[in-house]
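Labels run A, B and C following the written order; every chain starts at residue 1.
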Amino acid sequence: MARTFTILGVEARPVRVEADVRQGLPAFALVGLPDAAVRESRDRVRAAIANSGFTFPQQRITANLAPADLRKAGPGFDLALAAAVLAASNQLPAAALADVALAGELALDGTIRAVPGTLAMAEAAVRAELRAILVPVACAAEAALARGATVIPIERLQQLTLLGGPDEPGAAIPPSPNGARNHAGPDLADLRGQPALRRALEIAAVDPAAALRR
Amino acid sequence: MTWKLEGERLPAPLADLGRRAPQALHGLGDRELVRTLESADAVTIVGSRHPSAYGLRVAGELAYELASAGVVVVSGMAIGIDAAAHRGALEAGGRTVAVLGCGPDVVYPRRERALHARIADAGAIVAEYEPGTPAAPHQFPERNRIMAALGGVVVVVEAKDPSGSLITAHDAIHLGRTVAAVPGPVGVAASAGTNRLIKDGAEVARDSRDVLDLLFGVGASEPLGAYDPRPRGPRLGPLQARVLDAVGSGRAGPDQVAVALSVTPREAAVALAQLELMGYVEVDGAGAYARTPLAEPDSS
Amino acid sequence: MRSRSRRSILPPLSDDEALEAARIASAVGAPVEPVALGRRRPFRAPHHTISTAGLVGGGVPPRPGEATIAHRGVLFLDELPEFNRDALEALRQPLEAGRVLIARARHRVELPCRFQLVAAANPCPCGRGASSGDCTCPPQAVARYEAKLTGALSDRLDLAIAVEQPDLTALADERPEDSATVRERVIAARERQEARNGGRANAEVPSESIVLGPGLQRLLADRGGALGLSGRGRARVIRVARTIADLDGAEEVGEEHLLEALHLRRRHER
């Protein structure tokens, strides 16, 4: 079972990916109210697993995204889905996935692509008291803004074999607001000859109420 | 309740139209007022359908004062200047006649329904067209000649160039009526026509005194004297008075006032708010300040 | 362009605000750094053809709208009367409660949208203003336009100003203040405001609790009706006056502050 999240609005809701691999005609069924994009992930997962030095099980695979009544959207389940399939086919130790969450889209060659919402997901991982969340490298800085989160950037599917071991990739460091604090944007001085407008904007800036101008 | 005047019973001024005179006038309201109307007793006020706040104010004040002095105010009940003139006359408790481009019982424009009723009640509505005749575009220029003929003086308050009001003015000139125009700000479309009339030789009408002088001869009319209908407001401080003048000359907001008077926009905004509280200025839908008819206290 | 400059005078996002805004930027796939690190307040200016869901959020599965992406920042609606009425109506909940609640079968989604609304409108469809004398609009069009303006959102808007034609002769002499100076003043005023209100803005305290200088309460009571001030309008004027006094560094709300607030008030209250 692999843990991931779906974004509902701006919040992350937990999703469990359960995978079952058994003898039978090769098939890969995905259940649990996924949308079309999620169903497409089967093809990406299959290719990514095969291209990462793993074996895609030629068996009857059933993956369930729980809870069933929560609509899942987007390609961010790829990584968790691949991890669940690998665990279910004994290519990854199930224990390694027990206390982490994963999010990311898979490229066919096994690299991991950015997905939106990793900051909210990292916060949700903290709330769920998980050890860490694995996110695409491009999302790591963003996810690391979550207070108290341990964010592990992951570049390729293959790196999952390092999970829980001594060579596990190190946690990302939250970026700090340095001199990047700028107030770029046109200056009020550009509003020459419009003191009434400047004055109204100034008043409105103090009190977050609303302003109308004609 | 509509009536008809024809032949001998048509008001005398219409005879000046010669062959162009209407065969009959259909009407609502005070028939005798219309039958006995003399151009020496009446002033026609016309103007733009899209007037500025200035134009509306002047039309209303003019009509009010003329009606107070006993003059019959004639107009066309169009939106804008015409409606303001009728209202001004009604407010003064005076007499007004509306000349329509449709049957006298047909309310056009529809939004002037209430005004139509008030004029029918306190004055008269006439038209060359049978009751029930709907408004049609060609009928309006036709009715303009009747308006031009009924008034001894035709005052154009605001008019674009070209416009129907200018045509009424030209009709009046051909009839030998005096045409006066109210000057307006240069460059504003609503005054382009009136300013041109003045340039072309029309009389200047700044106020009801100017119009009365044209109607009765200079000095021949009853002085308005102590009967000054305009209410007066509270005393003004020096800055307030200057700001009020600035608004009167068209500065519509604190930035413009500030520039004109060399004060800060904030001082201008505060003064404008004070003037609004005192009733000297009002703000329109666009946020522009304009003078109200409230007069400053007597300097005595 | 004119409303974009507003950002530079707004105080930077606090730590908590920055995290909220970053979370939202992350969720919609927008760049997080300017918000999280640059502490720049979001500025969103959706086109008036935007759908209701696009403006306040919705869809299946529910996605945040522009109002949420503007959270802790500014939502600028240019040509306010051109927006569809349902979309404007839908902004009520965010303006009242600072969030939008979307209920689905088993799950409730809360979308934060505490933004500052700035709207711009022409005085009439042709833009010149019905009483300027230059207006080319038929009167029904003006009436319809004004009805839309005074409709859905008008009672949520606090300040109204007419943007006057700049006087070109004045431009030569003027040395307008730059944003940094104004921002300092804004920050100082906010601090005073929050110190007095226990951390809240003037907008978040009941107007009855705002103390006016002597005679000002009576002035409003006596003249409020004549000015067409509704109860809500009066409350708003008092709040704005308090803010102006804060900008002045004044303990007490004085007559000058109240008068300027009256000048800035919304007309056509309903």
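The rule is short, and it goes like this: contacts are C-beta pairs under 8 Å (C-beta built on N, C-alpha and C of every residue); 3 or more make two chains touch, one makes a residue touch a chain.
Note that the structure is predicted; figures quoted are calculated from it, not measured.
Chain pairs B-C and A-C differ in how many C-beta pairs they share in contact, with the greater number at A-C. With centres computed from Cα atoms alone, the innermost chain of the structure is C.
When you average the Cα atoms of each chain and compare centres, the chain farthest from subunit A turns out to be B. Centroids of subunit A and subunit B (each the mean of its C-alpha atoms) stand 72 Å apart.
Subunit C has its Cα centroid 41 Å from the Cα centroid of subunit B.
Between subunit A and subunit C the centroid-to-centroid distance comes to 35 Å (mean Cα coordinates, whole Å). Contacts with at least two other chains are made by residues 193-196, 214 of subunit A.
Residue positions of subunit C with contacts to 2 or more other chains are 123, 160-162, 164, 166-167, 170, 264.
In subunit B, the residues that touch at least two other chains are 253-255, 266, 269, 286-287. Residues 123-124, 129-137, 139, 142, 146, 149, 160-162, 164-167, 169-170, 219, 223, 226-227, 256, 259-260, 262-264, 267-268 of subunit C touch subunit B in their complex. Of all residues in subunit C, those touching subunit A in their complex are 1-12, 18-19, 22-24, 26-29, 32-33, 36-40, 43, 57, 60-64, 68, 80, 95, 102, 105-107, 109-112, 114, 116-123, 154, 156-164, 166-168, 170-171, 174, 176-180, 182-183, 185-186, 189-190, 193, 201-203, 236, 239-240, 243-244, 246-247, 264, 266. Taken in their complex, subunit B has these residues touching subunit C: 48-56, 79, 111, 158, 184-185, 188-191, 252-256, 259, 266, 269-270, 272-274, 276-277, 279, 283-288, 290.
The touching residues of subunit B, when paired with subunit A in their complex, are 253-255, 258, 265-266, 269, 286-287. Note for the complex: subunit A touches subunit B at residues 193-196, 199, 214.
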